[in-house]
Amino acid sequence: MKKLISLLLVLVLCFGLVACGAAQSTPATEAAPATEAAPATEAPAATVAPIEIDPQIHFCGSSSLAPVIASIGAAYLEEYGTWDKVNPAFPAEEIDIAVTSGGSGDGPSSVLDGTADFGMLARSVKDSEKEALGSGYTEYMVASDALTISVNKKNPVCEIMDDIDTDTIRKIFAGEIAYWDEIDASLEHKEIVVVIRDLSGGAAEVFEKNVMQGTPISENAIQSPSMGALAAKIVENEYAIGYAGYGVYQKNLDNLHAFKVNGVEPSEENILNGSYKIQRPCLFVTNRPLDAAEEAFVDYIFSDTGRAIVAENGYIPAF
Amino acid sequence: MNDAVLTLENFSVSYEKKEVLHEISTAIRPNRITAIIGPSGCGKSTLLKSINRMLEEEGGVSCKGSIFLNGQDIRKMPVEELRRRVGMVFQTPAPFPMSIYKNMTYAPQYYGVGKKQELDRIVRENLEITGLYEEVKEELGKSALKLSGGQQQRLCIARALTAQPEILLLDEPCSALDVKSTQIIEDLLVQLKQRYTIVIVTHNLFQARRIADDCIFLLNGQLWEQGNTRELFEAPSRQETRDYLAGVYA
Amino acid sequence: MRKTEDRLFGGIMGIFALLTVLLLAFLVFFIVRESLPAIREVGLRELLLGSQWRPIIYQDAPSYGMRNMILSTVYVAALAVAFALVIGVGCALFLACFATERQRMWIMPYIDLLASIPSVVFGFIGLYFVVKFIEKCGRAAGESVLAGGIVLSVMILPYMISSCCDTMVKAYSRYGGSSAALGVSKWYTAGELVLPASRKGILISMALATGRAMGETMAVMMVLGNAIGLPRLLGKGETISGLIALEMGMAEVGSIHYSALYSAGCFLMVLLFAINIIFELLKKKLSREGSL
């Protein structure tokens, strides 16, 4: 008898799952007649021809850009709610901006295989990627992000040194200069703890292109899973040095000290005019013409609201 | 009574509030086999376990009265010394999961015997006493768990002897064995009494009659009758003893 | 009625069991299939023994040697199991031989509770205590194989203790009386009888713990430093699972890098499988000797 009961339970569970699945799909099917009904009641006066759109816009790629796009998406949803509020010609469906965070490499590839409408990157697009995306390729430059060469504020090196040249940075990150007293004899004989992002990420590529230029990074460098973790590591460890992104550096101004690089300060101005070299573009790409909804959202990204959100996230708006 | 090895004086045991042994007074004489008999639940095993204070291992037990080992109060002795001097063999054979040799050297090594020769001698002599040596001498390194039930129990007796006890307590040592093994062990016990004092709990009256010199009959936690085995079996002085021997309580 | 009921139930459960096995087979197939391009392109030898992991840029060409990660994984896990073995067996022995039934009933739930703490919490604790402590002792960076081993050993301790304790309680209740009756002390019983009698149980718990130690990602990643060099006790290291977690998101789908990460997972799987087989063989041998 017990067995029969548990059998029944299993069956009920299965049906439950099926029912849930069905329940989830119903709004979509029910929503369709509603959209037809909406223009019917309001349209006569306005005489707007309904425009076909895909209510979901999907971004995929760089984990640096993902939170920015996600917060812009959230603001957009809050402001309009449904597409017909954006443009009366759009159907009355809910705005759905989906953001999947991965790596910069995922950006172009997800557009290519159709899993996303836009691919996000926190580095410049490789020629091979442009080629693969074909003739419909368009890129939208959102922001610039620079890598600051940061140390802990408690480190006495801050008082001795203000400026660092590319060559010294390279030697430190390659492990050729391994102790602080090798930089200046007055410093402690303590190991320099080099903190980097994982070797295959966008930041690593930018750093490679602008600083390392083929010299391998020290095998002893600590790889952090995110920019936040990288900055936290420097804040925690007095002997650490790392390439904290401009955004996280701004958030940790009390605890971090960023060097001038070759005499150029990592300021917003210097980054925008390109004189500060260790920087990367944050952009998104697509391989086809935009539909009306996508166009509306892209316009929103490049509006003042979008600009404020980009800055809020610690990036420098590129528009 | 002066030659008694073990003397119990008004010894009582209670589990929580319930009294299981009531004012037992008796004397166990050396180099004899004393059998404790009585219907199940009468307190035979409790009495046996009191003698080497194994009872203390179970929680919620309180004792009154005293037990003397050669005139010494056992409660004033270190428990380890008491147990070395009073060996015990349990109902189910429990050889340790190691080689026969290691089973035999387990206690001596604890008592500080370190020399290989000495250990070899202890193993051989004690296995010889139990008659096991001839059977296993070629495979002392074999796991003791590979022995037959009867052999295992003899190993346990031999192991108990390695601590050089004065008294050997046995708690129904044959109840898990076949007839042949039982007989071997009974013969062994009779032979052992020349060197040790033996107290055996048994529910098998024939066994008691065959091997015991003295008998103690317990009923409902009280010492009902005691004496020479033959006298007790042939002319019990109390009605209840007579009933028990006749199988009334079985 | 009873029969059809039983048969129906058995059938459905059979299908579920089959599904589980199929799922596992599919998983293995998928991992192997995804790792094939890297094995073909880079070569098994280079993947396993190569000393340089430079997936994006290394001098002229990328390099996919994961020897250091494999060594790190084994090193950290071995260290953790060694620490946990000493502490865990000691704890279990105490609980089985010295603690009363009542005390055990009180303590065991807390030990089991330790097992349910999320690994990221252990990572944080490790970062703020173990790593900091090693830095206090004079190292510039406290992230190290030692820190990983310590954090991981605490994580696998509950498994060690509860599985060892079960066996030891069994051993003690079976042999403790006979041993005590020989007049030996509890310490002697614990060390010379209960401990050797529980060898098989200890081995099983070690196998379980090793499996968990090797697969653990988050906590280890947080305190190990994730450096690609040769692991040393006080130096940094990066485990296979850490490597996968760090780079999987960044790797371009379908690239050799991506496939190499899958092959790393594949090696981890093979490593665990091999270790389990070794433990299984040892267990068989001990069973024959009558160990619990």
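Chains: A, B and C, in written order; residue numbering restarts at 1 for each.
In this text, contacts are C-beta pairs under 8 Å (C-beta built on N, C-alpha and C of every residue); 3 or more make two chains touch, one makes a residue touch a chain.
Remember, predicted model here, so these are calculated numbers, not experimental data.
Just count the C-beta contacts per chain pair and the biggest one is A-C. Central chain by Cα centroid: C, whose mean Cα position is closest to the mean of all protein Cα atoms. Chain centres here are Cα means. That of chain A falls 81 Å from that of chain B.
Rounded to a whole number, the gap between the C-alpha centres of chain A and chain C is 34 angstrom.
Separation between the centroids of chain B and chain C, computed from CA atoms only, is 48 Å.
Under the contact definition stated at the top, not a single residue of chain B touches 2 or more other chains. Residue ranges on chain B touching chain C, taken from their complex, read 52, 54, 57, 59, 80-85, 87-88, 90, 94, 96-98, 106-107, 109-110, 143, 145-146, 156, 159-160, 162-163. If you check the complex, the residues on chain C that touch chain A are 5-6, 8-9, 12, 52-59, 68, 127, 135, 139-141, 143, 221, 225-230, 235-236, 238, 245-247, 249-255, 257. Residues 100, 171, 174-185, 188, 192-193, 196-197, 289-292 of chain C touch chain B in their complex.
If you check the complex, the residues on chain A that touch chain C are 3-4, 6-7, 10, 63, 101-106, 109-110, 113, 190-193, 198-202, 204-205, 208, 212, 214, 216, 218-225, 236-237, 239-240.
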